[in-house]
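To keep things clear, I will list the structure first and then write my remarks on it.
Residue numbering begins at 1 within each chain, and the chains themselves are lettered A, B and C in the order written.
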């Protein structure tokens, strides 16, 4: 169970996260929505310890992880994929996933084995298979398609065997068809494991169809939370979020 | 370390004053060279590891002009302008090609230019030391004695000239349109391009300005020291130190740091003659550890 | 495909032994002190450049003060062999092995101190800090005249007592011993680079932000790499000191750090043996140019320009990439 209690963070004058509280049920699939700059990525950064919060507390199960380093929090079972793909360009898919597995197990400190012959190579095959990367298993990361790079980013997170998986816009930069393919894959992954999954997504269709619970973030605050149905009918959300969306459409 | 010698000097007005003036002179000449280095880094984002040869060329050009014209002021000016033109060719011909390259490539390009220019200088002017171009006639007078300190008027002239140039440079950077363009280019070159301003022009004019200043430093230094192709080495190293201590890209920081290094050199020569260089690097290490952006460097 | 752990290790071991035998045969084929000495020098410089390439090519850190450790190794060896310690404790025939071990150990300790401070900074700031430490070290060598001989270097030579039947005073023994040590070090480096640790280095080079989110502590990794690179540079320096029977302050000057950078550029940084090839080209260029013209810098500078602006990568990298494409 991931719990946030009154988490706040500001950058200079901008309050990026304002008094956010959340309780994510174990094994649930959740979505965070909100316009650009709402503070969604910042929230992920706070949970994973990449940046430190100014106030509030964060717990995994009963453990207070507030103020722990990104490194420690990763080892406590929180993994993430990034909005802007964050991979290792010169590594093949196989090498990337193997390296991630070794990183998690402190295996990268080993000087006496050979990386290429490491048993973790076998395990990486499984992760590639469940993320659908088996066909590009030996391709170098920077030569992969955009979609496959996003998948690889997720595969790296999966190698952490996380309890909580945070996906920052897994469908960013994709066409509609590709988006659905991606999100179905994510949903499959979630079903096969008992992870708690949180994803950030702009496509409302996807969000309402896939998520069990939705958080609407607006200017750093939680504007609304609840089941897809309750969010759809929430007047605040319709005013602020959909209103904001419309304005944006007009201006572009 | 000779602490006693240092204390003796600090408590004797004569020694104190003459070392201070000496430090000021070193510091101001250093500022001429280092301000260009820091300016180039701030705007072009590259470290000109070949900055020392600009200083050295300034000295040679001035020497050559002195041979031909016999006029001190004119020779110094020719030296500085000559190096400015050399800088233009250097930037357009070579540096331009490695803006996007990694640090290693940039370092090696500069290393190559140092090797080549050193040899060319040797081919043209020979590998013997050339004698200094001498002090202009009006300064060929007995030194001043202030509190028993021996102070050559020419040193004061160098200090004031450099100070004047520092002020001009400061005005150029803060009060002119060119200055605001340069500062904008340092912060956000893409924005300038979007506004239809030729950033290429800004880049090479900054490089030329930096070269001119280094050449001027070399030409002025040539008035009193003998000229040799390796003369740029130590000033290059000192300019790095100044750039780092002052904050990379900061002219004001370079000014302060130049004074610090000038004084460290001058008084260090009394206190620990064999370790003055080490002392300067120690200051640099401390600044990098405690405040990597330097005294006046801006956060990225 | 399924090569066992022992096999790839064994393969490299066999390559190493074969290379050594090949080098020994070259000694007799060429039977010329000039050429034989070039091979020794290339081996030493190659080790120096390869140790630096751990940082540059694999870790992605442009260390600009690597000669610090080279010089530290050289002075450690020289000072130890000159010390009264050897006579006092009657170390005699063990003095060379002990000296060499110390020349790995002390630079390693120095690298630990310098590394802890330097790896906190990135990019140009890292480079500057390594340069600053190097120049402090250089100034210390010049200042501590009583110990180091100041700008004259470590004078007066030192004894090289035979050990285990190896007499480094004999030309062939020296050649065989140096090449053996270098190949051993290269073999070790190969193991390190191909180990999970080595891939950790590549991860940091490729992306220094992501590792933390994979639970990978890059600081300790970087530090260990810095120490390994420093120790091996120390070993190279000590071999150079054995060769020249002395040690000189210029070995700690910044231009000595530029040399291996140049070798890496010449040979290639993405290929394991690239820097070694670079050292060979560098040494041949050196020999050829200084034998034929006074304008050594001019030629060397032009060659660097060709590589920097033309190839943009080292020779071996270039060959390997061409090979992959065809």
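In this section, contacts are C-beta pairs under 8 Å (C-beta built on N, C-alpha and C of every residue); 3 or more make two chains touch, one makes a residue touch a chain.
As the structure is a computational prediction, the values presented were derived from the model and not from experiment.
A.B. asks: Between the chains shown, work out who touches whom and classify the graph as line, ring, star, complete or other.
C.D. replies: Its topology is that of a line.
A.B. asks: Going by C-alpha centroids, which chain is farthest from subunit B? Tell me that one.
C.D. replies: Taking each chain's C-alpha mean as its centre, the farthest from subunit B is A.
A.B. asks: Based on mean C-alpha positions, which chain is nearest the centroid of every protein C-alpha shown?
C.D. replies: Central chain is C.
A.B. asks: Roughly how far is subunit B from subunit C, centre to centre by C-alpha average, rounded to an integer in Å?
C.D. replies: Whole-Å distance between the two chain centres: 34.
A.B. asks: What's the distance between the Cα centroids of subunit A and subunit B, rounded to whole Å?
C.D. replies: Centre separation, subunit A to subunit B: 51 Å.
A.B. asks: Taking each chain's centre as the mean position of its Cα atoms, how many Å separate subunit A from subunit C?
C.D. replies: For subunit A versus subunit C, the centre distance works out to 44 Å.
A.B. asks: What residues of subunit C sit close enough to touch subunit A in their complex?
C.D. replies: Answer in residue numbers: 3-5, 7-9, 191-192, 194-200, 202-203, 205-207, 209-217, 221.
A.B. asks: Which bits of subunit A are touching subunit C when the two form their complex?
C.D. replies: Residues 48, 50, 69-71, 74-75, 79-80, 82, 86-91, 95, 98-100, 102-104, 107-118, 156-157, 159-160.
A.B. asks: Enumerate the contact residues on subunit C facing subunit B in the complex.
C.D. replies: Touch list, subunit C to subunit B: 56, 62, 64, 117, 120-121, 123-125, 127-129, 131-133, 135-136, 138-140, 142-143, 145, 150, 254, 258, 261-262, 264-265, 295-298, 300-302, 304-305, 307-309, 312.
A.B. asks: Please name which positions on subunit B make contact with subunit C in the complex.
C.D. replies: Per the stated touch rule, the residues are 47, 94, 97-98, 101-105, 107-109, 111-116, 118-120, 122-123, 237, 240-241, 244, 248, 272, 274-279, 281-282, 284-285, 288-289, 292.
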